[in-house]
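One structure coming up, written as structure tokens, with questions to follow.
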Amino acid sequence: MGILEVKNVNKRFGGLQALSDVNLSVAENTVHAIIGPNGAGKSTLLNVLVGKLLPDTGSVMFDGQSVLGRKPYEINQMGISRVFQTPEIFGDLTVLENMMIPIFAKRDGAFRMHAIESVRNERAVVQQAEDMLESLNLADARHDHSASMSRGNKRRLEIGMCLAQEPRLLLLDEPTAGMARADTNNTIDLLKQIKDERDITIAIIEHDMHVVFSLAERITVLAQGTPLVEDTPDKIKGHPKVREAYLGETAAA
Amino acid sequence: MLGLTRKDAILLAIVTVVALLAPFILNPFPTNSGFAQFNAGYPDLMQRFAIFGIFAIGFNILFGLTGYLSFGHAAFLGVGSYAGIWMMKLLTANIIPGIAASIVVAGLFALIVGFISLRRSGIYFAILTLAFAQMSYALAYSVLTPITGGETGLQLKLNDPRVLDGALAPGERAHANLFGLDMTSSIEMHFGAWQFTFNTGYYIAALVLVLAFYLSIRIFRSPFGMMLRAIKSNNTRMTYTGLNARPYALAAFVISGMYAGLAGGLMVAMDTQVGPERMFWTASGEVVLMTILGGAGTLIGPVLGAGLIKYMENIISKINSGILHEWFYWMPDGLEDFVITLVYPFVGKGWHLTLGIVFMLVVIFLPGGLVEGGQRLRRLAQGKRAKKSATQTNPAE
Amino acid sequence: MDAIILQILNGLDKGSAYALIALGLTLIFGTLGVVNFAHGALFMIGAFCAVTVSRILTLSYTTVDETRTDFLGNPMEIEVPYIHNLVGQSAGDFMIDWAVPISILFAIPVMIAIGVIMERGLIKHFYKRPHADQILVTFGLAIVLQEIIKFYYGANPIPTPAPSAFRGSFDFGAFLGLGANSIIYPYWRLVYFAFSLVIIGGVFAFLRYTTFGMVVRAGMADRETVGLLGINIDRKFTIMFGIAAAVAGLAGVMYTPINSPNYHMGMDFLVLSFVVVVVGGMGSLVGAVLAGFLLGILESFASMAAVLETLPGINQIVIYLVAIIILLTRPRGLMGRKGVMEE
Amino acid sequence: MSTSNFTRRGMLKTSAVAGAGLAVPTIFTASSVAAFTNDPADQSTVTLGFNVPQSGPYADEGADELRAYELAVEHLNGEGDGGMMQTFSSKALQGNGIMGKKVEYVTGDTQTKSDAARATAKSMIEKDGAVIITGGSSSGVAVAVQALCQEAGVIFMAGLTHANDTTGKDRKANGFRHFFNSWMSGAALAPVLTKEYGTDRKAYHLTADYNWGYTTEEAIRNSTEALGWETVNAVKTPLTQTDFSAYITPVLQSDADVLVLNHYGNNMVNSLTNAVQFGLRDKMVNDKKFEIVVPLYSELMARGAGAAVKGIFGSQNWDWKLQKQLGDRYIGTDAFVKSFGEKYGFPPSQAAHTCYVQTLLYADAVERAGSFNPCAVVEALEGFEFDGLGNGPTLYRAEDHQCFKDVVVVRGKENPENEFDLVEIVEATPVDQVTYAPDAPEFGGADAKLGECNAGA
């Protein structure tokens, strides 16, 4: 029984069957990659997981509880954090403030009025945020506007913000898309470090095979809205169906 | 100090000192000089500075922090005023219950309007708030006349019940007061050619302004304030960080509505009269303009913007051709007429023209509003040294 | 029945005014992403183009008639329009009578020029600025334009009648066989309605069937991509601003015989046209036109005595109430596109 | 404009400042020295506050009021030809200012909003030391500013305000209205209307949806119904309405044969224009020619409506042709028109007239009372009977501070000779016919109280 159980999920957009009978099980404390060609339904699946889309049929259970029908922020509060393809951070806020917000969210829940006491006096939160930035090597930039950072650092910050919530499941949506090689490697190292240091489950959607094979313990291949195969990286590499459906396409592209 | 950083404490101290010394600062010219026209240190205008300052501070908590542009905030000011004057008519001319009622009623109204309007964002939100305010105005002007007094509004009357107050002596009128302290009472001080007026009402309004300003600093610097800025900055990240943006925005909306109600309550406390045009969309637009003009999202900007617009409305509009002739009497006749012809369209009845030009100049040359103007001056004064620190200024200054 | 038909006519007429203004406003919203508070002022300036033309045509010299006296008892001064000397008395009188339609010829170049100058000189610099700054600068501009008109023309409304040929009413009742005089409608209002249909149709055809229009529509959908194609979208948008200004201006010119223009008529229309545009849905031209007619008709029905008896004051708030209901049931108005002006 | 009207104050005052030198600060409350607000005792001048709309829809009317005020100040200070001071029945004014003090004035923009009007009035009182506030072009503003003046202890001389409330339920001891009111319009118009159009008429009212509209509709209804007319419908229209077609078309379909437009300002210009557009004037209903009535007429509005006003009945407080057409009962009119016309080049509006007269009446009352004290002025004005100010014999009634005088019934002229010649006078309804009891129900009944005069300080 995995921490995330997707059963018989179907989703139609008009005439397009975006997801058909998707079954997926992500085991706790593993890194599980979901790959597939463009239009395979990866993003749709992700949006179902975080509550942005409601599937037509099927169930999605996280740690024994259904996530369907819950709002994205409620699902997040259950312990699922999401990293976006283009880093979504609070560009107008400083790096430190960016890091404090998820810590407040973890501590205080979805809404709480703390309208009088100064942020500076929340010493525990500040300390935790500082520590987190330290561990991400972003401490020097703590008073900068986050919008002014490099893309790689924005990515680190976003991942750090998700981690600050101590999620049980971290969803990554093509975390290295559009990145230079060096930044990609940094990100891989960061994710490896996270995997080693924490009890955390990571589900990653990725195009870049280098990233996938560096990180994943299990891989699900999605094609035309249906899971084709699910197996370990080594097995996937040689799987004929995958070559046909996915790698073949990549070669052609 | 007071839970503020040094920088904020200094800002608060400056605001407090300026508010206390306003009767001096705003009356820099001797009473008899030609420049006396520019003196603004008389009770009514000082009260208006304070009241519209409070209104704009409150509006800025919504607009400056969350980015939600309400185009109907005057409705809360108006509703607050009506609640205030009814308390003063029914209960007591003491301003405390009136102001309390203003805040509560405006807050409740804001809760309803905010709850509905915040289901939408951007321009759709703006139009929803505008629609509510315009409906309030139209109804108050017409079918709600029994409650609002319609066009002629409400004032204190001799035969109001005022159940908590004793009967009036013959010839006596009800005065807005604070435990007997009459809002209209003033002390005048003459110093040579200068004259300064210290008005009870103004000092109460100023005290409330300082408190309102202090509270807004606390809100800005609090985790709540940070969350509001987060909404403006990135609503998606907000949601996927497990935060429910709607109650945060609604809380900000209600708080700013209560600020507007407070301003409305103070208005009737200082000047016991209310009319519906206080809720017209132009009044809502005015507070938007005040906030942007001063600098949205900055602490002091809205107060400066409110001051500038009210100053123009009350001072520039009173300069008539007679006064121009007094100013330029020393010129040769032909030149005098020429200069007056040039200046005349911009003053007196042309004060709107000057206002429009000021809006355009400020927004073209000072994108951050008047506060940016101040910052540029300071940078200029500090020279190059400031260049480095400017990149590190706190965004919510 | 007659009453219903009449109120629909009224609504169409009122709606065509709303739709015309909203059309220009939404063009600017959609193409340029600018909140233009000066759009009402453009409508007003259009109206004053008509006033100006009629003033120019009636520009006169004075002769003194010794046989009559004026209010102070001095000899009466008689004014004779120059146009009489120029083209003869009957042709001159005809031109004075037709001042409003003639003004269209005058208003088109003037309004396009004003629009282009506004866009190049001011609005252009605000594309990347926050909406708040756009509001402040266009509001400032609106005040300035208004005050200039007030300075030269005063605050009082200035009667600008329709040509005498259009002053009567058309008898729909007789026309439809419902009995004479049961449904009559002023000619000029019918002209206004037809005129607005022509303008609206023209703008739509222009956007649909010309390459220029196609580029602009593509630009409305995705400005950056069109920019990447190497098309000078800025130039196109400038022209579009000029066209939007001209549409607003023409709406103003033709409106003058219906209501005497005054310097703040733009502000009176501004709020309503914003409501119309938003109810129609941001970025949708069809939506704006539809919403204009819808709100116009609803407003007409709400002002019927029978309706007012059951719902006193409904005529005061109907437009806003409907706007709220539509925006709550349809998140982006009638036909709004996702992501336009929602941030 | 000549500069001679204005004190070379800059110069005079510099020397005064030098004389005062660095005096020790003196602190006192106003009450310890002055008996009333802004006592000009220790000054050589007295300041009047002219609070008129200078922006918004009534800006032109405000401009005309201001012209009249400037003219009145000139005449009070002994400049110009003296205007109506020559014909005024009271001879207390000498042309040497008021009580020997040169008259100065300050101006402000009411924007036709109560808040703005009170703000400018307060600045005149608090900053400029005005002893009287006068002017305005709407009843909302008049009531708001009148209440303010009552509290502040200065006199308010209303400008153009026509709603009953100003001297009805909202009357104040410190406030005075020379202009006539809704009730008087009804009383004056009804007999003329029944005479012209017959007693068997069906009226349809369109009424501006606010206080003034209500009182005007009530007045016209009551007075016409008393003479046999029937009111078939009365529909309220929003103040912000610009196109009245949706209100006009139902009129066509009712069996009404008279339309009464209880509108003012742009409302009136637009509703009348629209009504004429829809051909109402050409219609025959019940075998009678359809007629339109506008209870309160203004010259500026008539100009705005253009040809649409031809033949439309209405009432006015005064008209510049009164004396020429109805003789010397209305003495003063010609004198005023002459000095106004010579200064500005066109005849004055009724708003200008009432403002000019109010200024003279105030100045005269101060002279007669021998004091600027508002309470003394109130006493001098209450029950004051005068003549020679253009309206014939007039009474400032003590009970409600309303002037009682003849009301002018006018009709839009068919062939105007120039742009100022818009109306013809039908008759001047005698004052007796437009007089009512001070406690009439339309005027707040027995509850309406002036209260005590307030001298402030």
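The first chain written gets the first letter, and so on, giving A, B, C and D; residue counts start at 1 in each chain.
Simple rule for what comes next: contacts are C-beta pairs under 8 Å (C-beta built on N, C-alpha and C of every residue); 3 or more make two chains touch, one makes a residue touch a chain.
The shown structure was predicted, so the numbers you read here are calculated from the model rather than taken from an experiment.
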item: Mutual neighbours - chains that touch chain A and chain D alike; value: B
item: Chain pair with the higher count of C-beta pairs in contact (B-D, A-B); value: B-D
item: Nearest-to-centre chain - CA centroid comparison; value: B
item: Whole-Å gap separating chain A and chain C, where each centre is the average of the chain's CA atoms; value: 52
item: Whole-Å gap separating chain A and chain B, where each centre is the average of the chain's CA atoms; value: 46
item: Between chain D and chain B, distance of the C-alpha-averaged centres to the nearest whole Å; value: 33
item: Rounded Å distance, chain C centre to chain D centre (Cα mean); value: 35
item: For chain B, residues that touch 2 or more chains besides their own; value: 138, 141-143, 352
item: Multi-partner residues of chain C (at least 2 other chains); value: 312-313, 316
item: Junction residues of chain D - those touching two or more other chains; value: 55, 59, 63, 209, 236, 238, 240
item: Chains grouped in pairs wherever the two touch, ordered by label; value: A-B, B-C, B-D, C-D
item: Chain C partner contacts - residues on chain D that touch it in the complex; value: 55-61, 63, 209, 233, 235-238, 240, 242-243, 245-247, 249-250, 252-253, 266, 269-270, 273-274, 277-279, 282-283, 300-301, 303-308, 320-321, 337-338, 341-342, 347, 417-418, 420-421
item: Interfacial residue positions of chain D with respect to chain B in the complex; value: 1, 3, 5-11, 13-14, 16-17, 20-23, 25-30, 54-55, 59, 62-63, 105-109, 113-116, 118-120, 122-123, 126-127, 138-140, 143-144, 147-148, 150-152, 163, 165, 170, 209-212, 214, 236, 238-240, 447, 449, 451-452, 454
item: Chain A residues touching chain B - in the complex, by the definition given at the top; value: 50, 71-74, 76-77, 81-82, 84, 88-94, 97, 100-102, 104-106, 108-111, 113-122, 143-145, 161, 165
item: Footprint of chain A on chain B - complex, ascending; value: 3-5, 218-219, 221-227, 229-230, 232-234, 236-244, 247-248, 251, 255, 392, 395
item: Of all residues in chain C, those that touch chain B in their complex; value: 35, 122, 125, 129, 131-133, 135-137, 139-144, 146-148, 151, 267, 271, 274-275, 278-279, 282, 312-313, 316-317, 320-321, 323-324, 327-328, 331-333, 341-343
